[in-house]
Amino acid sequence: MKEVAVIGAGMTLFRRHLKETGKELSYLATKMALEEAGIEKKDIDMVVMGTAPDAFDGTHMKGEYLLDGAAGVGLPYCRVFNGGGTGVFAPIAGWWHVASGVADVCLVVAEEKMGNCYPHPQTAFQHIWDPILDRPLTPNLVWLFAMEMNRYMTVHGIKEEDIAEVAVKNKRNAVGHPCAQLADPNITVEDVMNSEMMAWPVKRLDISPPSDGAAALIFCSKDVVHKYTDDRIFVKGVGWNIDSTMWTNRDLYFPDYVANAAKMAYKKAGITNPPKELSFAEPYDPFDYKECHHMEGLLLCEKGEAPTLAREGVTQRDGDLPICPSGGLLGVGNPIAATMGQKMCEVYWQLAGKAGKRQVPNDPQMGLGQAWGDIMQMATVMILGRGS
Amino acid sequence: MGFIEKQTDPTTPMHWRGNMQADYFYPAGIAGDKFFQHLKQNDTFLATKCSKCNKVLFPPRLYCEDCYIEISDDNWIEVPASGTIRLFTIVKLNAHGEKMKKPKIMALIDVENTDGSTLGVVKTQDINSNLQGAKVKAILRPKDKREGTMKDILHFELI
Amino acid sequence: MSNEKYEGMPPYAPGTHVRESDIQNKKLAYAWWEPEIQYSWSLGHAMSKFLMGLKAGKIFGIHCKRCDRILVPPRMFCEHCFGPTEEWVELPDTGIIETFSISYLDPDARRIEDPILVGVVDLDGAPPHHGFMHYFGEMSKDEIKIGMKVKAVWKPENERTGSITDIKYFKPAGGAD
Amino acid sequence: MTRKVCVIGIGHTDFNSITPDMQWKDFMYEACNKAYVDAGVDPRKDVNSFITCAEDYWEGFSIFDEFVPDQIGAVLRPCCTVCGDGIYGLGTAYMQIMTEMFDMVAVEAHSKASDLLTYGDVMLHAFDPIFEKPVSGPVERPNYGGSPSYPAESPKPLIGSSDEEERVHPYFVAGLEMQNYLTKTKTSEEQCAAVVVKNKKNAFWNPYADYELKITIEDVMKSEYLFKPVKKLDISPNVDGAICFVLATEEKAKELGIEPIYLSGFGWNSETPWLGTRGLDADYAKKSAQMAYKMAGITDPKKEINILEIDDRFSFKELQHLEALGFADPGEAGKMVEEGTLDIKGSLPTNMSGGSLGVGNCLEATGLQKSLEIVTQLRGHAAKRQVPNAEVGLAQAWRGIPSGSGAVAIFRRG
């Protein structure tokens, strides 16, 4: 196995609608990553595309459609997909392209254009449900999260106010992010609590917005990293795991699949005490309770303890265990697969000390990014760390 | 492992109907917007030239996909809305796989003064003639009816 | 496109924001497409039997003997042991509320005044946390809670079609766990 | 020591034009189950990672990955979807095993094309939405149910409507490509027809092929032009079928007492998605083969590779791919099929299974169907269609209209 380094990252603005086509967004993100790595298209051996449902962009075989924007013309190019988990899964695929020795330099591009689905991406979300058991009940996507959030809150006796702290933290963190869609330096818990009720217990400000956007990341083998950069940031561990399709046949209060994925990544990274050994983490936060749910799944705290940590400020950027220093999905936006930008690109920039106003203090050594997808069943985890 | 029971009664409900219907709105993009804003006012096309490989790309792009460099504003060129048929086919089936009411000629047309081509519908009297290499021009909607989409090109006709 | 410089990475935020009003006022060129995408999924044995059961006013589960687990909704194989399932079991149409939501959104994300009560029913006779999603009725948003006992309210027999909607909703069955 | 990756188990369902008795889950379960039994492994204990190759719109779900794990044995295990042909899945499994993180990986791909009622419309949905889709016909849905409703604040911003009524079938691209191939290589339509005759004949000896046919070149030539020069019989009809492969390290194979068939190389490549910019010369096949040959250490494919299963979803594609893969000079492949070189008894047996023309077009499972035949042949289990003494075989698939992407896999007997 080859050790794999990260040498460049890029991302676009995140907004509800962007004028650029998906191809053009992929190009802009890739261009930024190539500039940071100081390389050109000819230096790339293989390309991985990460993009979530075709039904958002409105193009069948969306990977094929996007490929010229993602520098895939004339190169081995493939697309991986597991719903919302794609944002961290595409980098994992990039990792195995290099770790296996098949490619020396692999570009990973993630793109999403949710604004294409008109009048609302919600229409495409109707088709993620089981056609026989669920779709006849004309479900709304928010129901799914409301049901999971309710189960999580009820089992642990958690208050909505504590969970709202997460939305406040992330939207404030996003103030330091030039691409952010919903940064707000003055938001309070009251604002979240008073925001419009969508599907109890989920309120408008508990949710990340649908967005257009793209991100890119470049991996290379340790053998060649000296050609491109003096930084030494390596992939320390990867993990992914899926649970059953039958989401009504399991207790939603704890995500076993996240724990499995995390254990796989920790084992590979040689981590035995995750909250101590990780300098910070970027768990997937499309809803505020999901950050808590995932922190517990990632074994960063005890079951039911995450909201307390949010309330006590432990997860603030300058806290003991900074969580979502990028601003996460709640603050920066949620273009499903392109959230690679706030997850793995951010972990890389933080470790490289390049995160500007968002920089986590005390010279972080090891960071984790996680995404979650499908119908509350898929977890993808990647750990980056400084090395020599 | 395997199945113990299988379906043996062909009269039980066996299918479930459904769809993935949604409507789509596609911004034409940075390059596309420029192309269509021009087409709304003019009877010519725009193309982009890559400053590295010198290829004239049609449809116009923000970037050259081979050289992977951005195309600057001064590398946009105006080209006539005409070209040469490179390839054509006579289509007899519609998207549902049924016979079309009238066969349609679909062609790849090399756009004049560019290295690219466009997909187009060709209308001609003699449907059986070999159209490869034939010169065609775009028949555009009247200017006041143009909306800035490919639909502004009604079809192509032989010159 | 904004190319404003920023300290740190990303150094700028490429992309051009478009407002909803720009779309309505046709300020940018765009294309429109309405795809026509229709399916007819084969149901398979398990789901056919389940839907025929609902038509007859019955809820069928199936027993995996290797795991000693009753699977509902039923399927022909057990995802835990990967072995076949065998024995059909008729389950009572009662259960408890596993989790729920009070939705102020309709399927197209538009607001509604009277909220929809929806959630997962953990069916009696099946293992804990096994059931399916459905609506709740004959209770108010202040009464509904996790653990509440519920019972199916069926459509009249002549209106049933062999669908999950042959059950109208689940109503309170009296008492709570 | 460098790892070697081999195939230890294969399984597939029957291939049929419709399969109304099986849900997609049962269908996938059957194929996977057979592959696990073939390899003698328990998916819940032995297989470390699972891969499915699928595209959402073929299946009818916004996120098909959700509806995969149960039936392939992947619950609470690493599992993912690769949006590509089955050979992309094999390559992905190869890479996963080479990272030393996994010893055994399962790859599944299937076609449940009969669940999809609007095949042509779905394929049109893959065209460039700005410059290509609107050329194919009206942008408005022809009055069919299930379209979304519009809130007052954002009415439908429909533009580009026209008087036309019908959208053309996306297979028109094959008409353009075939004309390009015939013009450039001086290949005749009769030579393409000979491919149809050969493959549909081979299908008689393949028990799972669904479109066997005894037919002559004249019969094919009389068949109707649908996308001139593409005739009805030049097109492979759709079929349902699921296939599963179990891949593992050489050590695992030995442990299990299985004679390994090595996956010694793979490659894939993409041309530009812009139809108008693409050369239409199957450059993707050429470049993916170069990658695979390099990985497998093959310097002279003509001499070193004995059997071929290559993409023939349109008859001319077999000839075009044969040339792109380096087995014939441009214009020579047509002569090879006429001379019988590509027959099962010929010197370069090609599409012994009947190919897509004989078996049916199984969408993203095409590459696995090709690989299945190569592995069956290398194992010596191909009965009446067995090619004697085959040591090295190549499987190749294209991602279909309108893409310019494809993949190659090379298998070698131990």
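Going by the order they are written in, the chains are A, B, C and D; count residues from 1 in each one.
As a working rule, contacts are C-beta pairs under 8 Å (C-beta built on N, C-alpha and C of every residue); 3 or more make two chains touch, one makes a residue touch a chain.
As the structure is a prediction and not an experimental result, all values here were calculated from the model.
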{"item": "Farthest chain (mean CA position) relative to subunit C", "value": "B"}
{"item": "Which of B-D and B-C has more C-beta pairs touching across its chains", "value": "B-D"}
{"item": "Distance between chain centroids, defined by C-alpha means - subunit A, subunit C (Å)", "value": "25"}
{"item": "Intercentroid distance (Cα basis), subunit C paired with subunit B, Å", "value": "40"}
{"item": "Rounded Å distance, subunit A centre to subunit D centre (Cα mean)", "value": "32"}
{"item": "Overlap residues in subunit D, where contacts from two or more other chains coincide", "value": "20-22, 26, 33, 36, 56-57, 60-62, 69-70, 75, 118, 121-122, 124-125, 129-130, 134, 139, 141, 144, 146-148, 151, 154, 156-157, 159-160, 272, 274"}
{"item": "Two or more partner chains touched - positions in subunit B", "value": "1-3, 6-7, 14-16, 18-30, 32-33, 65, 95, 147-150"}
{"item": "Per-residue multi-chain contacts in subunit C, two or more chains", "value": "16, 18, 20, 23, 26, 28, 30-45, 47, 51, 75-77, 79, 82, 108"}
{"item": "Interfacial residue positions of subunit D with respect to subunit C in the complex", "value": "19-26, 29, 33, 36, 42-44, 57, 60, 69-71, 73, 75, 112, 114-118, 121-122, 124-125, 129-130, 133-134, 139-142, 144, 146-149, 151, 153-155, 157-160"}
{"item": "Residue numbers on subunit B that touch subunit A, as the complex places them", "value": "16, 18, 20-33, 62-63, 65-68, 70"}
{"item": "Subunit B to subunit D touching residues, read off their complex", "value": "1-3, 6-7, 10, 14-15, 18-26, 28-29, 32, 57-59, 65, 86-97, 100-101, 104, 106-108, 115-121, 132, 147-151, 153"}
{"item": "Sites on subunit B touched by subunit C in the complex", "value": "1-7, 12-28, 30, 32-33, 35-37, 95, 147-150"}
{"item": "Residues of subunit D defined as touching subunit B within the complex", "value": "20-22, 26, 30, 33, 36-37, 56-57, 60-62, 118-121, 124, 129-132, 134-137, 139, 141, 144-148, 156-157, 159-162, 165-172, 175-177, 179-180, 183, 224-230, 272, 274-277, 280"}
